[in-house]
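Chain IDs A, B, C, D and E follow the sequence of writing; residue 1 opens each chain.
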Amino acid sequence: MTAVMHVLPYLVAAYVFLVGAYGLATSRNLIHAVGCLAVCQSATYVLLLAVGYRDGGTAPVFSDIRPGSRPVVDPVVQALTLTDIVVGATVTALLLALTVQIAKRHGTVDPDELRELRG
Amino acid sequence: MTDAVVVVALLAVAGCATAAVANRDPARQALILAVLGTSLAVLFTVLQAPDVGLSQLAVGSALTPLLIMLSVRKVRRRSAHGKDSRQ
Amino acid sequence: MNGWILAATVVLAVGLGTTLWGVATGPLGRRVVAQNLSTALVCPGLLLLSQGYSRTAYVDLALLLALLGPVGTLVFVRLLADELGDNPPQAWGPTWVAAGVGTVVVAVLCAVTGPGRAMVKLLVIGALLVGGNLLASRALSGGFPGVSRD
Amino acid sequence: MNPRTRLWLVVLGGGGLAALLVAACLRLPVFGGPWHPYGDRAVRAALARHTANTVASVNFDQRAFDTMGEMTILFGAVLGCVVLLRQARDEHRDPPAPCEVAAPVRRYALIVLPVALVTGLYVIAHGQLSPGGGFQGGVVAATALHLMYLGADYAALERIRPIEAYEIGDALSASAYLVLGFAGVLAGSAFLANTLLPYGTFNMLSSGGTVPLLNAAIGMEVACAVVVLLARFLDQAVEIEEGSGE
Amino acid sequence: MHRLLPLLPAVPLLGAGLLVAGGRHVPRPVAEAFACVAAATTAALAIVLLPHSSPPLVEWVGGWFPKGGESVGIVLLGDGVSLGLVALVSLITLAALAYSWHYFDEPPRGHAGTFPALILLFQGGMCGFAIAGDLFNLFVFFELMSVVAYALTGYRIDEARAVQGGVTFGVVNSLGAYFMLMGIALLYARTGELAMAKIGHGLDAAAAHHGPDALALAGFVMVLTGLLVKAAAVPFQFWLPDAHAVAPTPVCMLLSGVMVELGAYGVWRVYGTVFSGPGGVPAADASRALVVLGVLTGAVGSVMCWYQRHIKRLLAFSTIAHTGLFLVGIGVLKAEADDGTALYILGHAGVKAALFACAGILLDRYGSVDELYLHGRARRLRGVGVMFAVGALALAGLPPFGTGLGKAVSEEAVGGPLTVLYVAASALTGAAVLRVAARVFLGLGPRPEEGDGEESDEDETSGADEEPETQKRLNHVPLPMVAVPAVLLAAALVVGAVPGFADMVGHAVEAAGTWGVFSSVHWTATGVLLDLLSTLLAVGLAMVAVTRPGLLGAPGWALPLRRLQSGHVGDYVAWLLVGTALLGALALPGVLG
């Protein structure tokens, strides 16, 4: 169990990333593709936080515990993940906005039916 | 024992991710993404990152589904437009 | 090893497992119900985790979920009104079970915490959670005549 | 390219990538290991500056420059959505008919709206102490306003949401964050330096020097930005129609 | 002076914030003048800091100077290369703003400041990217410039192609950014640091006993994938023509002139600071990976460039070809090649921006950027024609343009068969642009019949029926639109022709790099001859193409290559995955051995 536990979170992150990329490549609907991109991004959250975890640690927030009383996990990765989540939300919003316009101008959101920009 | 809850959260995230990719209809995918957001928040809590969990809840449980559903609605309404005047 | 975390693990495993299965398969109506239940079951799980890690600061997560979860469901109800309208999903059994779990967890935690600000916060969470979920369930099952279809 | 060829490419590239990632994962330090040099330094630095929430200290003090970039990304994306979802030449606005919402939903929305707003403000204000902060609270506060749409209808939401004011608020609070950064340079210290204000008492609302100020600026920016963003999407989904009138 | 480094991104960002806050209450010229002032201030600041950049300026934002060698802050690097790039970015931004002055169509309803504000945000992102010394900070600014660029690309929402190009650009680049973030997380796990120099040391320390391992390789591959997507290396390049062909002209000037090159700069910076030590990826393997991708990029870019009829798309492919050359220059890991590449990037930025500016004039004047449709129609635009032809020759490497000097210096440094690539790629792209100039501005050659190329319509993007970007189709060309390309071409000439400038650039590059040698950078006889050779080849090819279109028409073997550019997001993502695997495979031997 422990040997598996040592790498399981990393492997889950890698799996989620690959699954998202697969969905993105085979998507038949741009809104679905944007969702897959969000799945890909959630892999980065998982990986970052897994990297910063410490066994028996608790959150590095000292509003309700005394500093130094308990080991804490890495606060830096948490800050990075926070930034990452904001980035993810904004990218999702922007791509959805573009998709809405595609639906208007092309009458479809299926990438197979977009017949422009070839060659 | 604390590992068990980490495993549960990880498996839930992996399962949601798979389901979110496998369901090709954007409305259904939006529902799964909402559950994925909740699972991620649980994972972040057990990884002792409540700050991140809060922002994932804030974004994942209402904002992202709302954005996706509004886009779906606009796209559907557009394609329904002209065929029948279903509003 | 800690009984609270064990309880949280069980609640989360059952809750996330069933709702994942519910949300990933079946007709659209059932999926929305499952999404609603995911909030209802994860929120008590988060409360138990907060107790298990003995961090009162983690309660904020449950508060946010109890607030925003039903809002998310109402978004789906509103924007999927056309699809759901023909065949409104009825799922009172699971809904009441989830509400019961929420009530029990909040009650137990209140008993452990004792009177004070923390207990008020727990009660607010409990009220928001149970109220929000029952309301969302009812809105889903089409229990309100004249729900907007704009 | 036909779907089958594409699938082969995905399998080929994804297989290689998977092998690489798995090999890398096996070489990573074990999950839950004790070695976090940067993290430990960050905790010490946060405590030295009387900031109880280390994550807030990293976000708004130690790595405040990242947060500046993050805030600008949000600002730029919202500006981008405003541009992309503008009313095109061949579209017109068609105000939706007022609709009736069931009384329990309306009551729920009206009760929860103030609760959610207060929660949002609470999460922002306590960002430097307990989990939370400008970003999380800002999103909650902005989402709360949209309960008006769920509980009543779009017209009601538009009444409490003068969109121009939010756009200006968004820009001003983004500028405020940058101005706080410039203040450091003008005061002879470094950009975004947290040396201008006293650090206060540990675990008090006013502790942490400039952290609460930057946190508040982000909170306001995020709340305004999300309102503007959702307004654009709602406009598209509810109000803007194609064709120049029917 | 180092205190001023963070202001380089902060000034344009603040400018953008104020512009959005106050833009709706001021007339449009005021808003645009304000944006120009903000861009110019940044340029001036960078130029003031440049003389102080040796030894490099180092700033820890927030005053978190390291104690005992360790800091919790973010480090910014102001060496000759990064400050030079900031100056270049700011000057091109200024040119783009001047070009769009008052004639560019704005969205209605009182958003006067929006377009200049987006341009300023873009500039801020690129400046921050250039001076970043911290890997995560690099990612943040990478995302900032990407996000703003997506919005700018889809700016003309009335155009079907613009929004499609925007989505393609957005999906592929965001995925690339997430690759990069995964790589950063892996490197952080290994070294526990985020500052690039510290990560490099951490990798070396970790690999002291057994050499680099799979983790270092994965970090290298993932981070470089993100940067190479931005740099549009084959097979990550597909998004670029789709995005550059449809973006508004001033945005194209920025995208092609500097943003893509920043990707190549990122590769140089990250490899040099993070992976060049014993714990990173061995030089031979990194070199193999970059040179192979660079050669592929140069070849694919120039061949595709030749077969385009959409003028902006043709220019976009020529950017791909030139990035390939830059990647080769960076990839051979030689000090002189770095010097040459730096000069090449400077010259190319001016020339390419000028060419896009001229294409924009055609679009606004005739409502088309299709080479065949425009045949002979632009005879009256003599000045623009001359500039277009001069730009084409400069692209082919005509001495004494900066492109020529950069190409000559790089050619000499890379040596051997790679020289052929430089000559061929620059000649082919120069010839393609020259062919357009001859047909469009002089009306040379047989007039193509309507519906020419009908049989391959399915696999071709024509440039006809584009909406002009101005409020209405122009009857005369306004002064700024002509002055900007003229100034840009003159600047490209200055880079190569002013004695001493090249030496200055060379010193700046070598002081910033890890080579520790100072070689003199100047014109040599071989270089001039090779430049003249490629220019003559370009002229010859263009003449043949114009007079005998059948002779150099699209042969069958090019068709599969063109079909790869399918406009399908899924295909591009699949290629991205393949490219990552390829990059890993190319760098693998160093880790196994």
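Simple rule for what comes next: a residue touches a chain if its C-beta (ideal position, glycine included) is under 8 Å from a C-beta of that chain, and two chains touch if they have at least 3 such contacts.
Listed by chain with UniProt protein names: D = MnhB domain-containing protein.
None of these values were measured; they are calculated from a predicted model.
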| item | value |
| --- | --- |
| For chain A and chain D, chains touching each | B, C, E |
| Chain located farthest away, centre of chain A as origin (C-alpha) | E |
| Of B-D and A-E, pair with higher C-beta contact tally | A-E |
| Far-end chain from chain C, centres as C-alpha averages | E |
| Inter-chain centre distance, chain B versus chain E - centres from mean C-alpha coordinates, in Å | 36 |
| Distance between chain centroids, defined by C-alpha means - chain A, chain C (Å) | 24 |
| Intercentroid distance (Cα basis), chain C paired with chain B, Å | 15 |
| Chain D and chain E: spacing of chain centres that average the CA atoms, whole Å | 31 |
| Per-residue overlap in chain B, given as positions that touch at least 2 other chains | 2, 22, 30, 48-51, 53-55, 57-59, 62-63, 66-67, 70-74, 78 |
| Interface hub residues of chain D, defined as touching at least two other chains | 6, 9-10, 14, 17, 21, 26, 28, 36, 38-39, 42, 53, 55, 58, 63, 66, 69-70, 73, 76-77, 80-81, 84, 88, 123, 130-133, 135-136, 140, 143, 229, 233, 236, 242 |
| Overlap residues in chain A, where contacts from two or more other chains coincide | 5, 8-9, 17, 21-22, 25-27, 34, 43, 50-53, 58-59, 61, 63-64, 72-73, 76-78, 80, 82-83, 86-87, 90-91, 93-94, 96, 98-101, 104 |
| Pairwise chain contacts under the document criterion | A-B, A-C, A-D, A-E, B-C, B-D, C-D, D-E |
| Residues of chain D touching chain E in the complex | 1, 6, 9-10, 12-17, 20-21, 23-24, 26-29, 35-39, 41-42, 45, 58, 61-66, 68-70, 72-73, 75-77, 79-84, 86-90, 164, 167-168, 170-172, 174-175, 178-179, 181-182, 184-185, 189-195 |
| Contact footprint of chain E on chain A as seen in their complex | 13, 17, 21, 24-27, 30, 33-34, 37, 40-41, 43-44, 47-48, 51, 76-77, 80, 83-84, 87, 90-91, 94-95, 98-99, 101-102, 105-106, 111-112, 114-119 |
| Interfacial residue positions of chain A with respect to chain D in the complex | 5-11, 14, 17-18, 21-22, 25-26, 50-55, 59-64, 67, 71-80, 82-83, 86-87, 90-91, 93-94, 96-98, 100-101, 104 |
| Chain C-touching residues of chain D, taken from the complex the two chains share | 96-97, 99-105, 108, 112, 115-116, 119, 123, 130-132, 136, 140, 143, 147, 150, 153-154, 238 |
| Chain D contact footprint on chain B (complex, rising order) | 49-51, 53-55, 57-59, 62-63, 66-67, 70-71, 73-74, 77-78, 81 |
